[in-house]
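There are two complexes below, and they share chain A, which is joined by chain B in the first and by chain C in the second.
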Partner chain A sequence: MPLLDQAVLVLAAMALFTAFALLAQTRLTAAINTFAWQGALVAAVAALTGRASGDAHLYVSALITLTLKVALIPWMLHRLVRRLSLERQADPLQHPALTLLAGAGIVVFSDWVAAPVAHFDASATRNVIAISLAIVLLGMLMMVVRRQAVAQVLGFMAMENGLFLAAVASTHGMPLVVELGVAFDVLVAMVLFGVFFLQIKNSIDSLDIDRLSQLAEPVEDDERGDAP
Partner chain B sequence: MIALLLTVFTPLAGMLLLGALRSARVAGWLNLALCALSLAGALWLAADVLAHGAVAGDSFRVDALSVYLVVLTALVGLTTAIFSRPYMRYVHEEKRVSRGGLRLYHSMYQGFLFTMLLALTTDNLGILWVAIEGATLATVLLVSLYRTPAAIEAAWKYFILCGVGIAQALFGTVTLYFAAQHALADPAANGLSWSALYAVAPHLEPRVMSVAFVFLLVGYGTKVGLVPMHSWLPDAHSEGPTPMSAVLSGLLLNVALYAVVRMKMLTDAALARSATPDLAGHLLMGFGLVSFLVAAISLQRRRDIKRLFSYSSIEHMGLMTFGFGVGGPLATFAALLHMLVHALTKSAIFITVGHATHISRTQRIDRIRGLIRTQPAVGWGLLIGVAAIAGFPPFGIFTSEFLLLSATMQAWPWLTLPLMIGLVVAFAGLFRAVQPMVFGAAPPGQYPVRANMLPVILQLALVLLLGIALPGLLAHWLDQATQLITGRHLL
Partner chain C sequence: MNPLAHALSALLQPLLLLAAAPLLVAWIRRVKARLQNRRGAPLLQPYRDLRKLFAKEAVVARTASPLFRAAPYLVFAATLVAAGALPLLSLRLPSAAVADAIAVIGLLGLARFLLVLAGLDAGTSFGGMGSSREMLVSTFAEPALLLVVFTLAMTAHSTNLASMVQTTLNAGLVLRPSYLFALAALLLVAIAECGRIPVDNPATHLELTMIHEGMLLEYSGRHLALMEWAAQLKLALFAALIVDLFLPWGIAAGFAPGALAWAALALALKLGVLGALLAVAETALAKMRLFRVPGFLNLAFMLALLGLLSHVILEAAT
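== the complex of A and B ==
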């Protein structure tokens, strides 16, 4: 296997590791930094793939990821966390062991889903597709188990990292116009998340999503109550 | 070409223009004018496509299937804009929304229409994804427009659930692109072009395509409101402003289903010679039937009027999904017709519901009473709208449901039973709620409001016309779309 392919595999595996780290990280500031590292690893995969295949537009993609996922979004999140004074807030997991076990199960499942692709294409990409699917699903798991709005947004953004990795590894990146569109959507989503944090904070004075759903529950109970 | 630009880019220009405009009074009228301009473009485009066949070019393509939804989108956009101009002024006078909020509303209304029309006219599956995600981004701040805790909760749920769902669709798109790389000569140039992929679909690797389709169905299915990914839908519909509920139900759900149908066409062609040729159809039938039945049961004993009708939307989207899943010309024709009549009826109902909640100043069903005495136009509008949506003859929904049932009877006879039961259960749930709202004794101190029933009358008359006698032109048009999807003509 060529050296570049091996490097891509190692970097992708490290990105998967950061996905687990994000899942278990309870302190927000540290989690944001972990997310920035994940972005850097994914951007490095894109640049290396670009070098291996000679696709110039992959360098552009790597640069977009670097600015967006490593610099801009972590910076915006840090600023929001400071503004809402959440720096010292910890958000412990309910069942850390169970969550990490579920994460391991997700990795095995992703490998199984990616198996048809392996029959089809014998190159190193197969493992990277499995890894990227695992990162997407781990991001989803993170959004389910974490109750803190900022942590949920990190899960959302980690999913985007996984999707980008899948596109780079399996197909040498989507067409540039699509990638620009996706990056634009991610950026707008981040701005909107920021607006939401402020709205949630103003309305319930906390960013704990559990409290948000408790507020709506009387409405739901009302729904299921006996009709007159 | 000019028609296409006029249709799609009028709303984009409108979004920027209305974002900069300060006067709320002018904004309402301008919003209406822009929608009318876009509809004129859409009709021109439709005439073009019907006369000369598909209009295609660099990364866009408009054929019989998409142009029919383009016209529907522009039409419902216009009628809802007619309703929203006075309604949003009233909401503003009630101090429920600030001047800035009103500006955001008008700007994002156009932004939402832009994403819908872009999704329908693009040929690039990546742009399709970007546009459908853009629709979420455009509407999410409108769901929380009233800034109540419940509205913020609904908007957060909408944002997170649709974000997660749509991410699955992007993964599916990447997988599809991966399959395309091995089938196309020059994947970098047109690897995500739907028409290029459709031309080589039999050479797409079937196993990879099945994986891709499952992800695409789950992803876009979240936006269609298929059970079990539907839980954002009733919240977003009930907490957002009423014009938003009308366009979400009438347009967004349709466009998401359109994306699913396009993917099904690719998957069917790719799997034709594999061991499981009907995988896509069976998945759609399963999801559609479950959504239909769950929604029919959820319609019982609702307390919030907008929630009631959003469950009815899930029910009808389930029926359409089921219809496309059954496949074959008859079922597909029925599903296409159902898309049309459901969008017209449901947006008319939401407009009426907007007036009804304005009259009784609440969304709670048990406090909305005696509409027909207080304001006969609104009472009759609600009654006729519900009769149409429940599938009474002679309305168009009866026709499409009847066609769908006959198609099911031919292909899967025993599935007709759950469909019939579901329709009856849904009917019972709707009428138990609506009957007292329309005929009950009006509470003292309830006065008529200024209501513009023109859009409702127009849309319900159209639905009636479609039920009594489907115009030849439209039948021919739907038949062309059917031919495109199934490869065979019905008529």
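== the complex of A and C ==
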């Protein structure tokens, strides 16, 4: 196998590792930085695939990913976290070891699901499909286990990274029109999330999503004691 | 190749590692001292310490059982035998036929078991504390170490260290994601197993944090010297293991004197660089709280598991 394809495999595996790091990261600022690294790795995969296959438009996709996922969105998230003063807030997982084992299970499951697809594809990077499926599912797992709204958004964005990786690895990228559309969708989603966060913060004074399941503010104990 | 030379080479390689182990420790201390703007002790200081300890009288507590006296010799012997299974200068290693990577881990486990028992034996509270902490660390470190070995064994189709090195040498320059993850996991495990800084501080006897030193508190004289030497050998063993598995280039295939000299030079260079990296990491990092150690080693386990999975997913077809 040529060195370029090996480098693609290594970068894809590292992107998978960043998905796990994102899952386990408790600090929001560190999680945002991890997300930026994941974007950089996916962009590098796109650029190297473009180099290997000679598709010039993959360079454009890599550039879009680089500006959007590595620079713009992390910058917006950092600014948002600063505005909501969440920099020092930690959001520990309930069962970290169990969550990571579930993540490993997801990787095995993705391999099993993607095996028939990889069987038909002749390109050297076909095995990356399983990796990208795992990144998508890990992003979903992150949205399930995290209570912080910003962390859930990071999971959503990581899912988009996984989809982009799948497109690059299996079909050498989507058509440029589709890619631009997805990129701007993600950007618009990011802006909307920012507005949402401010609203949530204003109404319940926290970004802990679990508190949205209660209809009213919990009654304070001392007030209840006074009632009868 | 006559059997005598074979036996000689099987004996000489671990003894060479044994002789070089204090030097490696001294080198790490020296680099650390320079990074902290100190001059540091001369490179021969650990040898002088060992000589001094061997000359001193060994004091044994009245409550200690015979196990307490036997443990230093057994720990030292087990670590030395484990070092014997490692191809150091030459790949033609007679002892490699009987000892593979899993046997090395088992021998290190035996040494640790005896060390922990010796720590408990004298009945002091610090010894017991050190032993319990050591067991906590090893519970998390050993599965990760085994997974690293399994990951590499899947590529080499063998758990024999000499043939694993041979496979890496034959393959030439191949980028493997599984090796990358396994290397990261092995580095973390080695730091924990050798009691280096984020996990244990080898330079202090601070009662709140010590792990390895806590178990050795009751030892003195030649017993202490053997225990210290075994710990230094264990560090050299892990460093040589990392070099063997991931950067084996330069190792001699036979016993030609020129190739052996070249292999010795390459090994010294690689161990020196690895030691300097460890010193930089120890200077830059702070020691973790004990209850953060399981998280640290879970990361190592996760990395090793990802290495295993990425081998199955990405490399199985090739």
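Things worth noting here:
Convention: the second predicted complex is superposed on the first by the 212 of 228 C-alpha atoms of A that agree within 3 Å, B and C clash if a C-alpha of one lies under 4 Å from a C-alpha of the other, contacts with A are read in each partner's own complex, and residues count from 1 in each chain.
Operating definition for what follows: a contact is a pair of C-beta atoms (placed from the backbone, for glycine too) under 8 Å apart; a residue touches a chain by one contact, two chains touch by 3 or more.
In this text, all values refer to a predicted model and were calculated from it rather than measured experimentally.
In the superposition on chain A, A:7 makes contact with chain C only, while chain B stays out of contact range.
By the document's definition of touching, of the two partners only chain C reaches A:104; chain B does not.
When the shared chain is aligned, no partner comes close enough to touch A:150: not chain B, not chain C. Among chain B and chain C, the chain that touches a larger number of residues in chain A is B. Within the superposed three-chain model, A:189 lies in touch with chain B and out of touch with chain C [touch as defined at top]. Contact with neither chain B nor chain C is seen for A:81 once the two complexes are overlaid on the shared chain.
Of the two partner chains placed by the overlay, only chain B lies in contact with A:113; chain C stays clear of it. Within chain A, not a single residue is touched by chain B in the first complex and by chain C in the second. By the touch rule above, chain A contacts chain B in their complex via residues 113, 116-117, 119-121, 129, 133, 136, 139-140, 143, 149, 152, 156, 159-160, 163, 166-167, 170-171, 174-175, 177-178, 181-182, 184-185, 188-189, 192-193, 195-196, 199-200, 203-204, 209, 212-213, 215-216, 219, 222-228. Put simply, chain C touches chain A in their complex at residues 173-178, 180-181, 295, 298-299, 302-303, 305-306, 309-310, 312-315, 317-318.
Residues 1, 3, 6-7, 9-10, 12-14, 16-17, 20, 24, 96-97, 100, 104, 107-108, 111, 127-128, 130-131 of chain A touch chain C in their complex.
On the chain B side of its complex with chain A, the touching residues are 59, 124, 126-127, 129-130, 133-134, 137, 140-141, 144, 147-150, 152-156, 159-160, 163-164, 167-168, 170-171, 173-175, 177-178, 181-182, 187-188, 191-192, 205, 207-208, 210-211, 235, 301-304, 307, 366.
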